[in-house]
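Data block below; observations after.
All chains are identified by letter, namely A, B, C and D, in their written order; residue positions are counted from 1 within each chain.
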Amino acid sequence: MTEVLINSALQLVLLLLVAPLLSGTIKTLKARLQMRRGPGILQSYRDILKLLRKGMVIPETASWIFSAAPYMVFGTATLVGLMIPMTTTHAPFSLFGGVLAVVYLLALGRFFLALGGLDTGSSFGGLGSSREMTISAIAEPAMMLAIFTVALGANSTNLSEMAKVAVGQSWRFLAPSQMLAFAALFIVLIAETGRIPVDNPATHLELTMIHEAMILEYSGPYLALIEWGASIKQLVLMTLLVNTFFPFGLSSDWTLQTIGVGLAFYLAKLLTLACMIVLVETTNAKLRLFRVPELLMVAFILGALALISTFLF
Amino acid sequence: MPFVPNPELGNRIITLMAALVLVLQIAAVGQRGIVSSIRIFAVQSFLLGAIAAVIAYFNQASHIYIAALLTVFLKAGLLPRLLERLVEKVGIRREIEPLINVPLSILISGGLTLLGYVVAESFYHPEETSARAALGHNTLAVAIALFLIGFFVMVNRRKALTQVLGLLSLENGLFLAAISLTYGMPLVVEIGIFFDVLVAVLVLGILVFRIGETFDSMDVSKLRKLRE
Amino acid sequence: MEVVNLAAFAILLSLAVVLVAQVLRSGPVSLWDGFFYADALSALVVLLSAFVSLVCSIYAVGYFRHEESSGVLQEAKEVGGRSASDKLREYYALMPFLVFAMTLVALANNLGILWVAVEGTTLASVFLVMFYGRETSLEAAWKYAIIGGVGLSMALFGTILTYYSAYGALGTDTLAGLNWSVLARNAAQFDKPTMRLAFILILLGYGTKAGIAPMHTWKPDAYSEAPIPGAAILATGVLNCALYGLVRFYILSSKCLGPQFGSQLLILFGLLSMGVAVPFILVQKNFRRLLAYSSIDHSGIMVLALGFGGPLGILGMLLHMTFHSVTKPLLFFCAGNVQQHLNTDLFQKAKGGLIHSMPLTGAAFLMVTLAVTGSPPFSFFQSEFTVLRAGFARDHFVLAIFFVSFLVLIFSGFLVHITGLVLGEDPGLPAADMCRWKRYSVAGLSLVIVVMGFWIPAPLFRLIQGAVGIVVGG
Amino acid sequence: MNMLSLSTGFALSVAAYAAGAFASLACWRRPALARRICCSAALAGAVLGGLTSVLGILRDTPVAWSVPSGIPLFAYSFSYDALAGFFNLALAIPVAAVSIYSFGYLKELEGKRNIGLFGFLFNLLLLSLTVVFTAANAFLFLIAWEVTALTAYGLVTFYHEDRETRRAGLLYVIMAHIDAGCLLLGFALLINSTGSAEFASFRPLAAVLNGGQQTAAFVLFFLGFAIKAGVIPFHIWLPAAHPVAPSNVSALLSGIVIKTGIYGMARIFLDVLGGVPSWAGLLVLIVGVVSAVLGVLYALMEHDLKRLLAYHSIENIGIILMGLGAALIFRVAGHPMLAAVALVAAMFHTLNHAIFKSLLFLGAGSVLHSTGTRNMEEMGGLIRPMPVTAFCFLIGAIAISGLPPLNGFVSEWLTYQTLLAGFGAISGLRRILFPLAGSMLALTGALAAACFVKAFGITFLALPRGAKSRNAHEAPRTMLIGMGWLTLACAALGLGVTWFLPAFDAMTEQLLGQRVSTHLVTAHGLVLSAGMPTSGTVSPLVIAVGLLVLMVPAALLVVLGVRRFGRKRGPVWDCGLPGLSEENEYTATAFSKALRMIFSVLYKPRREIQAVFDVSPYFPKEIHFESEIEPTFEKRLYAPLQEFIFRVSSRMRTIQAGSIHAYLAYIFVTLVLLLLFGVRK
């Protein structure tokens, strides 16, 4: 019991700290790749702190749903964070919810965020919610297929179990099924975290924005919670990707240096994945909204292929 | 020693008369005038009565005499009279063109006669060589033919009255079958049947009369209000 | 006259009950050295005819009083050339004769007399059909009389041939030669080809009377022209008589030729009738003709059941006959009330929403529609389910599917029409005047129908089973 | 003792319903009294039935008894086993809520409608449902089955003045009759091969029937039950009939009446037939997937609140069938354990759907009750005038979207686990179907979430979109109590699932010979596991607590921030237009636009826009926009069929053309033919 608490406390700290760092890093890398100086990797911390220290404006039209949304987003993201293994194979909460719980908890957060968007009564909010729900909906099957491929390999939907199995056979990621699944899940990651070519986190242009449109009316601490939650969600998804497919260095015991090693490996893996994302973002243009389904269909096909290839090879 | 009538001879006579009846029937098919077809029917019925009498005589089946008398009295006497009266009342004497023209109708009647023989064939038991069987074999064919042709007349003719005539001649077929096959039905039944036929004709007569005065035409093919 | 009728039929019903009791207690009863003969089958038919005639005469009182007050009878006068009261007298005189004939059909031992009695019902009912003396009723009467006449002469021919086929075996030409009680005993030695032909003619003949397709064509006309109570009796009592005759000869033929020969024909005609009824029920302008087609469908069901044969089939048929005689009159009564209320029998002239102006009739109409289309909990479901089982027992899987799909189609057609008539927004008609005769007959009969869905009197069931025994084994 | 109390309890609840039916009919002239009788009788019946069902669920051996019927053909024989008990529970919970709700809901009908008749039909419906779930005799089952359909028809067409209502009702009752016909044939087949109508006599049947008969039986029963359950493509009656009924009835129709189809499948396929060929199981699974996905896709396009909910019933039936199909497959494949888990998933989702769908319909009912419209485009902002209703509806929405930690999530989670396990358990290429079905389930869930964001957001949030919703008012207390009870049930079954699971043991024991609750629960009943070691675990309770705990620091941050830097209410950014008004609010149609375009292959949407321009071609004075999607099944499947039938009928009517000569000719030809037939040797 106690070590569960300690473990989760540690992981919680890790989550809350690494998440903004990661998004900051991505911003900076992107800037550098585009020959700009960029804001520096600590920018996200500064943003959150600044927002927390601002007064907030709540739309006259909004109801309590509007205020509930930030808490739900933040809460679900962090809770999910406790369910996936980051540096060790033992995720503190893995017993209380596997990958299905992860997906559905994120969906719960999204559900409330979309309601918050509608609650303002401005058409931007509705537009954002509509697009967000649509894209996540058609992203879902692909994600599930990809995850199932891994889960079936481990025959468990429990992330720690999956990690353990992965650690056990660490060259498995070379199997075509794993590769295909990874590709599928990567596309889904792009879509879920609202990055180019699906969404552009940096824009506030009505025609293109999705996530930003939803949270247009949020300000001050609420906005801080949402941004923070979003970055945690991004971290969680990326962790899911790196740790289920490339379980190197995941420590399976509690000695200090294994954890240290695990942490180092973990950050390194995140960095590489971040680099991939940056690469994709800079080399692609944003798709028109109705081209996105085609992209996700590709992801779905990849997932299906992955599934089939599990018992072809 | 008393004179024993020879059934063989009887059969010959009966068969001959039956054939005559059939001819009359076919003649009725070709007939246009209403009154004359009534007359034909009367003669036909009279012949049937005669057949009944002959059978009664040759087989000492005394109760058939009653049937014979009834036939002659009712079908050859009373009914034709009634019908002619009706014709007077309604005042329509000629049948208009039947649905199928006369030559073809006669051809069909021939076909029906053939069918009658085919059907009767199936009853013929060569092993049973009694006079009755042979007689049955011939007259049944005629009876069925009468029945079918009478039916055909009903299908074919447009006038209410001629349909009634068709019905009556059709029943003549039955009568022929009854007397020749089984030397008549049980008497009560006979009487009942006769009574019924009489009433039926009366009812139909009333109807014909009503139709006549309501539609001032006897053409039943014009009665087509009740339809889907 | 009303009183006389009511009293007479009440007495008849009680006598019928006595007869039933007698038969149940001590087997077949016969009178006048076997001129009259009553076994369970005939007792059942007598009971049903008596019941029907009583119910109808109760309703008739209300019906004709309304006709008289609304002057419909005076209209009839111009054609009929008689005054309204004469018309009434005509009806009340015809009705007992018709009922007498119906009773005689069931009680006569001699098949010839049976035929005579059936012919008698026809003659009486022809007058019923032309009761209103309109052009259409003359037309209907003519078609009825001619087609019925042809049919019956076929039946007579069949009877003669039966006599002939028995002649060889019995060799008697006394009265007993056509007595059922005699024939049934030695049907086995009858001359087979003759019997075959005889049965065909009987099937066509009594089939015409029962309105089996393709001899059904007179039915819609006759039923839609006759006064409602008369039509109700035609659709139930007279129908039963025709079927009764058919059953008697079916027994002979199945004893002589084996069940196979008769069955195949009966099944064919039964399904054909049901099938023929379907399109006319689906697309129908006139709710009284709708009723006629429903009775074609029901006679089809009964014939089909007879064809399936076996204890189940026969049980199904007789149950169906019983339920039909109880249920059908109500359908006619409701139709009659609606017609008298709206002075039309066309759907599109009736605006719908009758439930507002005539709640009792409307409700009863809906209920009896469900009942007559054989949906549970009403009693037809039991008989139809039994028939279905009989069909399965004979491995007629495909036929069973046809049977059920016809039932479903008919249900749909009926419900669409009747709900369209009864439900809907209030067209603003005045409340219908329902004198108590009409009310009681409708309400009472509805009650009987509901109860019958859940409870069949044990003696009645015993009677039916006795009848089944006669058809199957006896 | 137990069995005695059980049969008496059953008898009492039935008696309560019957009494309610006839009493309320009897005093139809006094509406207030009729209303009280109707509702309290239903409540009493539900409570008694619920208690009885608890007894029944816990019994390991079925209790069978038989009542002599007035019809010599058969006896009323009942058998109260765990399955019956479970469905009676699934009946009792919503009925209790609905009957409390109706106290308030029917009040406004007093004087306007015949409440006595309503009470009669309502209680009779409940009665027949109870009998359907406990009948152990084909006759009795069919009778109760049809009575259910007829009474439901009566309730659907309760507002029969409306044309649409009448048409919907007819469609419903005709489809119901078709399915009754299929069942009739199916039972006739079984009875024919055993000679008795008792379910008990069918038990050894799988051996008796030959292959063809088994196929026939399966097809007939599947058709019958699928039509009743509103499975695509037999669903067309459902979105037509459920919305037009009074809302408390819609709740029952969607909540429990369509579940009789599920009950039938469980009873016949698992219990009576004792298993069906594996292709049949696959068929059920696939049909389930199709219904789930198409159902939710059609729901997304609706902006009639009740029609939307009706389509979601189709979706959830699909989800249930996934579990049931898996159970059938596993049973044949010889994995009773897995089959039991799958069955638990299916049955648990059945119960959950019964609860949250009734809840949602009741919510829609009170919205309709206070705004007088079913059209979401005229609603909005209702959360302020009717907060309690809004909250209950929100809970229902979360539950039906399968979001944690509520009951919908749990049963969908179990379904996922079943499907995943199927991949390992079944051999051959067909096992690929299981994960694919899983992914389709994911799609369904996500789309459902989207749909309920729309349903709740457009209905309750933002500004009112019309006068009707501007002066809306909260529903009367009884209605709120009814909804609150179901809301509690949603939460309880979600959080406390591990304590509820033993309720399935007796059922799975009887149907599959397995008790699974112990395998499904680990960590001292805190955690739900998927039955197999290391297969996957989840704990709704911990999730709920964790969420709350994690929100605390967030809340602290916000509170501190607000305390120091203040918060104020301000206008919404309106792009500089003069104030935000309902015109520039987002609409339901707009919300589903994206999906409409993505799935246009399926919807074949049709839209037309007419703009009236005043001065400049850039600022239209007014715009008429209308958009509709093609009702594929009605248009491509049912309309042609109906059209064909009627064409044939009209053609056949010419045989009755009124010519007596034709009539005589028919007979003549028949005679000649038969004579020839008769003489052939």
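In this text, contacts are C-beta pairs under 8 Å (C-beta built on N, C-alpha and C of every residue); 3 or more make two chains touch, one makes a residue touch a chain.
Since the structure is predicted, the reported quantities are computational estimates derived from the model, not experimental observations.
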item	value
Chains touching both chain B and chain C	D
Core chain by centroid distance, with centroids computed from Cα atoms only	D
Distance from chain D to chain B - Cα centre to Cα centre, in angstrom	71
Distance between chain centroids, defined by C-alpha means - chain A, chain B (Å)	101
Euclidean distance of C-alpha centroids - chain C vs chain D, Å	44
Cα-centroid distance, chain A relative to chain C, in whole angstrom	78
Two or more partner chains touched - positions in chain D	653, 656, 660, 664, 671, 675, 678-679
Junction residues of chain B, two or more chains touched	119, 122, 151, 154, 220, 223-226, 228
Chain pairs that touch, as defined at the top of this document	A-D, B-C, B-D, C-D
Chain D partner contacts - residues on chain C that touch it in the complex	142-143, 146-147, 150-151, 154, 193, 196-197, 200, 203-204, 208, 214-215, 217-218, 220, 265, 276, 278-280, 282-283, 353, 355, 370, 375-377, 381-382, 385-386, 388-389, 391-393, 397, 400-401, 404-405, 407-409, 411-412, 415-416, 419-420, 423-426, 454-456, 458, 461
Residues of chain B touching chain D in the complex	99, 115, 118-119, 121-122, 144, 148, 151-152, 154-156, 158, 220-221, 223-228
Contacting residues of chain A [partner chain D, same complex]	52-61, 63-65, 70-72, 74-76, 78-79, 82, 93, 95-98, 100-101, 103-105, 107-108, 110-111, 114-115, 118-127, 129-131, 133-134, 136-145, 148-149, 151-152, 155-158, 161, 216-217, 220-222, 224-225, 289-290, 293, 300, 303-304, 307-308
Contact footprint of chain B on chain C as seen in their complex	79, 110, 112-113, 115-116, 119-120, 123, 126-127, 130, 133, 135-136, 138-143, 145-146, 149-150, 153, 156-157, 160-161, 163-164, 167, 173-178, 191, 193-194, 197, 220-221, 224-225, 280, 289
In the complex with chain C, residue positions of chain B that touch it	61, 119, 122-123, 136, 147, 151, 154, 160, 163, 167, 170-171, 173-174, 177-178, 181-189, 192-193, 195-196, 199-200, 203-204, 207, 210-211, 214-215, 220, 223-226, 228
